[in-house]
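Down below are the structures I want you to see.
Each of the two complexes below includes chain A, the first together with chain B, the second together with chain C.
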Partner chain A sequence: MSLAAEAFVSQMAAAEPWPENATLYQPLSDEQILLSDNASSLAVQAYLKMCALPVRVSCRANAEFMSPSGKVPFIHVGNQVVSELGPIVQFTKAKGHSLSEGLDDVQRAEMKAYMELVNNMLLTAELYIQWCDDSTAGEISRPRYSSPYSWPLSHILAYQKQWEVRRKMNAIGWAGKSLEQVYEDVNECCQALSQRLGTQLYFFNKQPTELDALVFGHIFTILTTRLTSDALAERVKGFSNLLSFCKRIEQTFFEEADQSSASSLHSKGPSLL
Partner chain B sequence: MGTVHARSLDPLPMQGRDLGVNHDDMEGMETEQETKQEILENRNIVVQHVNIEGLGRTKEDYLGHEISDVFNAKNLIDVMKRSHDARMKLLRLGCFKDVEVLIDVSEGADALPNGLDVTFEVTELKRMTGSYNTMVGNNEGSMVLGLKLPNALGRGEKATFQFSYGTKETSYGLSFFKPQPGNFERNLTLNLYKVTGQFPWSSLKETDRGVSTELNFPLWMTTHTLKWEGVWRELGCLARSASFAVREESGHSLKSSLSHTMAIDTRNSAILPRRGALLRINQELAGYTGGDASFLKEDVELQLNRPFLFGSVLSASLWGGMLMPIGGKPSSIADRFYLGGPTSVRGFGMYSIGPQSEGDYLGGEAYWAGGLHLYTPLPFRPGRGGFGDLFRTHFFLNAGNLCNLNYGEGPRAHLQKMAECIRWSYGAGLVLRLGNIARLELNYCIPMGVQNGDRICDGVQFGAGIRFL
Partner chain C sequence: MAAPLELFSWKGSWGLPSVNTECLIVLAYARFAGVPLKLHKTANPWGSPTGTLPALKTGEDGSFSQPSKIIIEFRKQKYNADFDLSAKEGADTLAFISLVEEKLMPALIYTLWVDPKNYVEVTRRWHGDNIPFPLNFFLPSHMRRQQLARLRLIKGNEALEAGEEVEKELYHDAQECMDLLSQRLGSSKFFFGDSPSSLDAHVFGYLALVLKIKLPCGQLQQHLQSLDNLTQFCSNILTLYFPSELDEGPAHKISIQPEASDLDSGPNKKRKQLLSLFFALGAMLSYALLTGIVSVEHVSIEDSRESQDISEGQPGEEDE
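Presenting the complex of A and B:
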């Protein structure tokens, strides 16, 4: 399909209302999903809940390969497939659902900058710890990542993934960092987020935005995921306003949604409360 | 006396490298020698020595079986016949570029008065041959490098390597072939490969990396192949617009399968046969030896050919297959059957019959297809005896069906399902034989029994195929 035709189709799709059967795809939540993917998936789920758009979560062992960008999570809405938070935010905006509508240009730029900070620091740190720390990679990441496959494919795919991430780390200059330096980066990132949040309910006053969803996804997942050591979670726990921010979002968007409709599936798993 | 005849005879049947034309030579030789035959034919001789000259890396023990029959010759004509057969056998081994035969009277201390020595003068193939091609087409260019090592270890082993580097895909294949000494038809092949296929009718892209071992052996009139294959398959969508049903199949899987193929082929030609029959039964069991895919697959192919009036040929063929998933997991899109196209059920688009989702064909777990053909030579027979013999006109009637079965139901329900919604077509066209491996067809087709979702090709359809209905 040509680009113009594709654009036309997405325009048409935008005109359609949000369907009831929208589905979010992610890797198997119990035995396969890794910290970074879980964080991204939770961020998208939180975002859609903030927009009050219903979505069913479906776990697939091949979610990563089903995704058009090769990254999870992705949503299947009508006959459209959209992956990752950024494009999903654009997509919902086209359908008339936006959380950042009320912000002025300065605030919007600030929001984008903080989102980039989270993606560049927190997400990259998660990937580093998962695949570049030998004990985490060997004990958690590789066995979990390859759990749906049989030998020898499981080994091939796990090492292929590890090699791919390490090559990316090389390219962005993280390969030479020590684990301690990465923890320090996480600390700095949380420091920045904590200062921006201050005593507000959300990053931009009283209304949640996609930045809140993204920060919640990552911080919550870091706090609730068991790794080989607690070092990462410990760093984050030092910021009490971020902790209460996560609890607040969990209460407001996940607990309430669960109480109001029993049918709504939430795959968030552990809880901070 | 013997010297004169033998020396003058030996070059006669032994010219050329061609494997298939020497019968005529033999006949010609016999008539030529008729005057001397009375003396020679009744005269008993003994083959004392058989020598092979010109051997480099080929091991002599490997050739023993091929030439041992020459010792059984009782007279000179017999010696020549058997030497000729031995020469054919030697050439078939794929070790020699050329083989010449020399028959001479025995010399030396232990020479008998009626003793003969037969000498095979062989020219070995080069240790390594290479080829280089470039191909351009379909928005893609590629460079193909091939290397062949015939008779690599001296006992008929053949190693081949092919590497294709393209702007979009790279693929390679490495194979090693080893025949059993003295029984060339019984052989073992090892393969290592990576191939990439694009299937636009399913919006599917498949990359296979695999190893396989294959054992071939003849048994009475049949040939058998036992194969184990371990293949890592990577499926992906060909385009972003691929249907979600195809998207769901994306990802990696490992198939480890054992398969057995039995074939009886009595046809006189594989592509445009005049007479004879072909029966091929193939069964594949995946999952028993590990891997993610578990199924049992059966596939049958039958073809009958009969000469008919005025040099025409009547041909009937029947295909059928069934895929049974084992262990509750649904079958993969890569394992299912596909039907339709210019050399199967004509008049329908390539693999465009049966279950589909948003225009992407998903294949089926059971199928059958049958065809009835009348092949005739070209009208007025232009180019007879030459180029024109590569062509045939044909009239055909094809039918078939492809669907999914519910294995909870009995065989009656299955038969009923296979008999429902039969697609069929008829028409006429031209067939061109390409070597002895493929054919091109240009047909005018009228598809019938078209079901919702099938893609048809009403009118002129052009296509090539190795396997044809």
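Presenting the complex of A and C:
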């Protein structure tokens, strides 16, 4: 989203309160959505729940193509459409809802840095595993990604997406990595998050921030998504404080929604709750 | 270590030990950790063992080009600038390096390679002046295409071009990132206490370039100059760890030539002479062939046949 549009949106946003009919759009949660999109979507849902802003989740097969930035999830609030966690955080801030107000400058710097760490390593690792590991791409990612479409189009779209992700991996120097190295990176990233969290309730003491929402979205999704192998989830399971952190957020913010939306995430999640 | 480590890096200018972020990171880390290096400063990426700069050549494990791999290699050789960090500081290092890579790197690529004015007046000129002939004719524009493609893929925008909106967005992110770094650094000398670590090397690699290169469109530089502790941080590292560059700084225009010939030394000079000789010969030959002097070749073949006949004939006559 461009900066000018962003400034305009935040100006507009300040004028109106949060409406009741706000909607979050994501790909079809049962048969289409992939690990990385699911993680991002869950992070946004967790963030909005932490802000106590009601949002209705709507699954659309073409969510990716509806989004202004081409990335899911995006929210439709009043007459505005905002995609991805970063801009959504700014958008809610303009409406007077913020989780990071109480932090001092150094903490805010650290929060942003750790959010970039999650984006830079966890998200990239998820994309790599989805699209660059041949067995995962062939058995899970391509069939799921293209499930709503019929034959010729499904192939074209899936391979187009895979090609795009692989080129991106090339550009950021991940193309030469082996799967084992990527798991090692995930391990390193979780190690860092686990160190930073320590024994605290949330990353910054007792108040959840957008960082907590982002970490929850990714770790929870990695733990509860079935892939061709358990290697990714196993790496994350080694960090007990991250596990209890996810359980805590799920209990606190997703309890009542557990029967409806979160239950679909629980295909393999007896470990949490 | 049996063989010494050899590092190939872009050469410096503007009072910097190198004009490339990744080279700066590696050089700074090496100085911080005290790695003994045989340093080759060059402006010819084709002369490095991997074809890109920086490159580390080790005796047994081959060559590496990515800064992260080079730093891991330094650590394997027991040179670790992060040895004293606690686990939490190690985590912070990872996080802030991610921050810099996500927010500052795209803006730096944009300002050096994509912004048309900066590229033509500074980046292309410097590379054109310093990269050896004949690479200097096509390498700068080739590098620009590569960097633009990289930026497009990083930002996920296939049609990204130089423009006000892109610039605003990238510079906004970068300035926010600098603000955050400045807040994190506070009044301390380095990011973690009194001794520098790999995070300092990374931050220095990006900020020193922003600070020192004088660009016609220098919004990033202006913003950085308003953050006193970060500018102080950069000049501190330059004075403490690269004192020789600072001396050369003001007189860099004069010192570039001798510096280059010093470092390229004997074998390279000979190689250059040989290369130019071959080039001249090649040009002359192809000119000759192309302008129909080909017939001369035919004649010479016939001549040699005739002379062969004669020489074959003569012994025969003698036999008879």
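As a convention for this text, the second predicted complex is superposed on the first by the 247 of 273 C-alpha atoms of A that agree within 3 Å, B and C clash if a C-alpha of one lies under 4 Å from a C-alpha of the other, contacts with A are read in each partner's own complex, and residues count from 1 in each chain.
Assume a contact is a pair of C-beta atoms (placed from the backbone, for glycine too) under 8 Å apart; a residue touches a chain by one contact, two chains touch by 3 or more.
Just so it is clear, the structure is predicted and the values come from calculations on it, not from any experiment.
K.L.:
Taking chain A as the common reference, can chain B and chain C both be placed on it without clashing, or not? Answer clash or fit.
P.N.:
fit
K.L.:
Does chain C touch more residues of chain A than chain B does, or is it the other way round?
P.N.:
Between chain B and chain C, the winner on chain A residue contacts is C.
K.L.:
Which partner does A:M66 contact after superposing on A: first (chain B), second (chain C), both, neither?
P.N.:
The answer is first: A:M66 touches chain B but not chain C.
K.L.:
Return first, second, both or neither, reflecting whether A:G173 touches chain B, chain C, both chains, or no partner chain.
P.N.:
A:G173: touches chain C, not chain B.
K.L.:
Which holds for A:C189: it touches chain B only (first), chain C only (second), both, or neither?
P.N.:
In the superposition, A:C189 contacts chain C only.
K.L.:
Once the two structures are placed together by chain A, how many degrees is the angle at chain A between chain B and chain C, based on Cα centres and rounded to a multiple of 10?
P.N.:
80
K.L.:
Least CA distance chain B-chain C after superposition, rounded to whole Å?
P.N.:
9
K.L.:
Under the contact definition given at the top, report the residues of chain A touching chain B in one complex and chain C in the other.
P.N.:
The overlap between the chain B and chain C interfaces on chain A is empty, containing no residue.
K.L.:
Show me the residue ranges of chain B that touch chain A in the complex, using the header's touch definition.
P.N.:
Going by the criterion above, the answer is residues 232, 234-237, 239-241, 244, 247-248, 250-254, 290-292, 358.
K.L.:
What residues on chain C touch chain A, complex-wise?
P.N.:
66, 87-88, 90-92, 94-96, 98-99, 101-103, 149-150, 153-154, 156, 165, 168-169, 172, 176, 180-181, 183-184, 186
K.L.:
Per the contact definition, I'd like the list of chain A residues that touch chain C in the complex.
P.N.:
Those residues of chain A that touch chain C are 2-4, 69-71, 105-106, 108-110, 112-114, 116-117, 119-121, 167-168, 170-173, 188-189, 191-193, 195-196, 198.
K.L.:
Touching chain B in the complex: which residues of chain A?
P.N.:
1, 6, 9, 60-62, 64-66, 68, 76, 79, 81, 149-153, 156-157
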